[in-house]
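Each chain carries a letter (A, B, C and D) given by its place in the written order, and its residues are counted from 1.
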């Protein structure tokens, strides 16, 4: 029986699969159930200082092999969110708090609050591509990223994850700016749009949205490979993971752990058990005892 | 996004209309669609007719439902779906318990074997009560303008429920909670259709979840035992920002 | 009967569908057949100064709803290519010559040669994401792009098309640098990678490749919409067009004409007839007489 | 990418080996796969056995075919496919005309009703000639070390071809051209399997095209009338850079 436990930034995970930020993670009871049903950990939806209702629906559109979303960073504000984390923590597994802001001060403030809520890690959403004034701007400004990461690292002791955007000319530059983080999370969604030709309008109320799902898997694999090769740092791979094949592909590209989001649409909550089973089968067939024997094996040159 | 033409319209009550359309798709009672009004919004709507020509029955609450109700025959109707699970068919006599537009999702269950407790604020707002024979319909109004004055539970109290093989219940969560609490422990089978904010309809956004179940995917129909175990049912829900509030 | 003819940068096209650069366009006889079988025009594969054999196979990998390619700009060199263009021109339809280079001089030189070969237009591949030293670098350097476009416009009289890369933080900046071109072509492939988990290696010999096909359609729609809205210039839309729906979606986003590449894998050469038929059906059903009634209708704000 | 284990290997000639593998896939005679040797390259290979256990038969030309031939039972074989069209089945007596490794794609057509003209440089390189009964095999070698000295056409000249319901021809393009020119105008049905550089195998890259037809998709098998109309057939081809050269 292979050992599918994983380790990332010092966190021990019973398997490599983590729920991705923004999918089924605003309600504490949902996060708890996701962990009870197979996820090794969850990342909360991205939380800001103030309450935001987000964009009006449609906030989701189905496209070929993926979803477009523009939820608009709906969140109850950090103060209200402790209650949900408390409920989630009753699952007895790690909860990672995702935060977004547009200033260093707010980021630090949010990270400290998250730590007080007893999260096992803080994830920086530097990359949300669909809210003007937030994500995109922060995540493509290397010096701002560096300052955010540096300041937060001074203040919190739980591991810090920097989640980067694929919508940049040069992700390596941003990764280097964020190198004081304990691990990278790659990738966030790719900016896109879908138009309904009968309505003659973009489907999403925000027009632009973030593309996720298997459509972006090759982009995610590319970035995990490239960033692992150039920085050697630990990486959480995310983007289009739907099967054990996808999971192993990310691990071989250099990921130490994985996140799953959009596949919940295709497979429902059982996706975690499904993919873990397929990872296990692959390892048994290939006589691999531990996941870390596979991390980055596809990297050469 | 599916695009069809509205083929007919019927005014049901002062604020409620039914829109008819052709859609060649198998749909089961209790399922819903996400209706898109371009430039306005997108909202969940139960199918009020699931066989042959389909229909939705919409009450005007806010901007989106108002825009929807303003559609006329010939206009385009955009939606995606069908989503969600459905009511379990039952043999023998069944009882529908519907509050307000809750009757929309129960309407496909109307048959020669069904009776109904239909409740609304006042007589004018009673929905689909005229679809039943006289001895099969029990009206309940807040103001007593028709039938029993009070809540559906006031009516249920006076009925022998064990003669029904199934109770199907749909309406505001407070009403569902009251009906649930009354039925609990009694020897009846019952299914409840729940309503929450629904942003995505496909089990992704968490806005509709109750106790970790996504109403849009695991529901909206649950049996009485399942909802009895839900800690959030009738107690708290999340707003569109995700803030937890009392129901 | 709707009129599906199109016009872009002064070129009259009998329908809006053009063969995209790099797909079935290195052999003159193939280009001729593609036009005989329904394409209104073709773009040649990208031609450089010198002969290049390209990367060794595998140069193509199938991924979910798309292809990854790293052909490596294989081409016979501009001098040898006149013969193929001559054969292609016997179809009696416009042939657009695609060129790539790393210096302004080479670009100008290539454009002039192409014009001598009697092409109806020249397309600049500023964006090929998979050859070190070419595409990516040129296309993400706004001042270089501006110089290339400006110099070529001084030397040739046929229309100039600037094909831009989606692998940038800010495409609008590059589009503005290229604004002396007669039209934009959006988009080239999105950089990606695919790993075979049984071989534990990237599939492509070049490891990195360009993602095309329906996976990138939302990205293409987004850029066409955004660039059309901000610049108002004429655009050729390309990226994942496989059906009439996709074609109309691009037109409503702002495209005046379209290119098709990867869909040849799914549908074969008949894709042009197929998509033209579907465009025609949509226009008939929606009572649209001419394509230009639809260009950019989804744009608002 | 499909990944199977090599289950058996047979040396056919000094430079040619057959690799056997289990692949549960319907494949027709004439179809091919793109075989990947990680870190080395990817090349097209015909299936030399298409029923039951499958096989490819590879001649060592350059680095990729050499690496492929060096595989041993137990090693992994990576490939994608099957690609291309297939030979049309024919009733009655048929004649296979194969040059060099061209016999690989003809091998699935060997039956009790088939005769063959098998050609190679010398006796040792004759492929699959021992699969035929004595009276059904006609050998041709460049050096005369076995059978007729010369080209397949030298053999065909001495045969009554009209008794065959179909001729299947595969080999180097020069040979195909010679055979085609000899058969043209005669009262025979014939199909030719063409070979060109193939980079993608899926009708995208144009490296394999002849007269606008993609061999990997519209071919590699064409009937005699079709190839007779091709202006590039036997005349010019493109190199891996796309430069047009004489054949």
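Here is the rule we use: a contact is a pair of C-beta atoms (placed from the backbone, for glycine too) under 8 Å apart; a residue touches a chain by one contact, two chains touch by 3 or more.
Predicted model, so just to flag it, every value in this text is computed and none were measured.
K.L.:
Spell out the chains that contact chain A while also contacting chain B.
P.N.:
Where chain A and chain B might share a partner, there is none at all.
K.L.:
Using mean CA coordinates as chain centres, what's the gap between chain B and chain C in Å?
P.N.:
The answer is 51 Å.
K.L.:
Would you mind pulling out the distance in Å between where the CA atoms of chain C average out and where those of chain D do?
P.N.:
36
K.L.:
Round to the nearest whole Å and give the separation of the Cα centres of chain B and chain D.
P.N.:
About 67 Å, centre to centre.
K.L.:
Among the residues of chain B, which are close enough to touch at least two other chains?
P.N.:
There are none in chain B.
K.L.:
Scan chain A for residues touching two or more other chains and write them down.
P.N.:
Residue numbers touching two or more other chains: 201.
K.L.:
Going by the touch rule set out above, what shape does the chain contact graph take here: line, ring, star, complete or other?
P.N.:
line
K.L.:
Identify every two-chain combination in which the chains touch.
P.N.:
Pairs satisfying the touch definition: A-B, A-C, C-D.
K.L.:
Name, in rising order, each residue of chain C that touches chain A in their complex.
P.N.:
Going by the criterion above, the answer is residues 63-66, 68, 140, 167-170, 190-195, 197, 200-202, 207-209, 211, 214-219, 221-222, 225-226, 240, 245, 248-249, 252-253, 282, 297-298, 300-301.
K.L.:
Note which residues of chain D are touching chain C in the complex, please.
P.N.:
Within the complex, chain D touches chain C at residues 1, 3, 34, 36, 38-39, 41-43, 76, 78, 80, 199-207, 209-214, 217, 231-232, 238-244.
K.L.:
Enumerate the contact residues on chain C facing chain D in the complex.
P.N.:
Its residues touching chain D are 23-27, 29-30, 32-34, 36, 45, 51-54, 56-60, 62, 67, 69, 71, 74-77, 80-81, 83-84, 196, 198-199, 201, 203, 205, 261-262, 264-265, 268.
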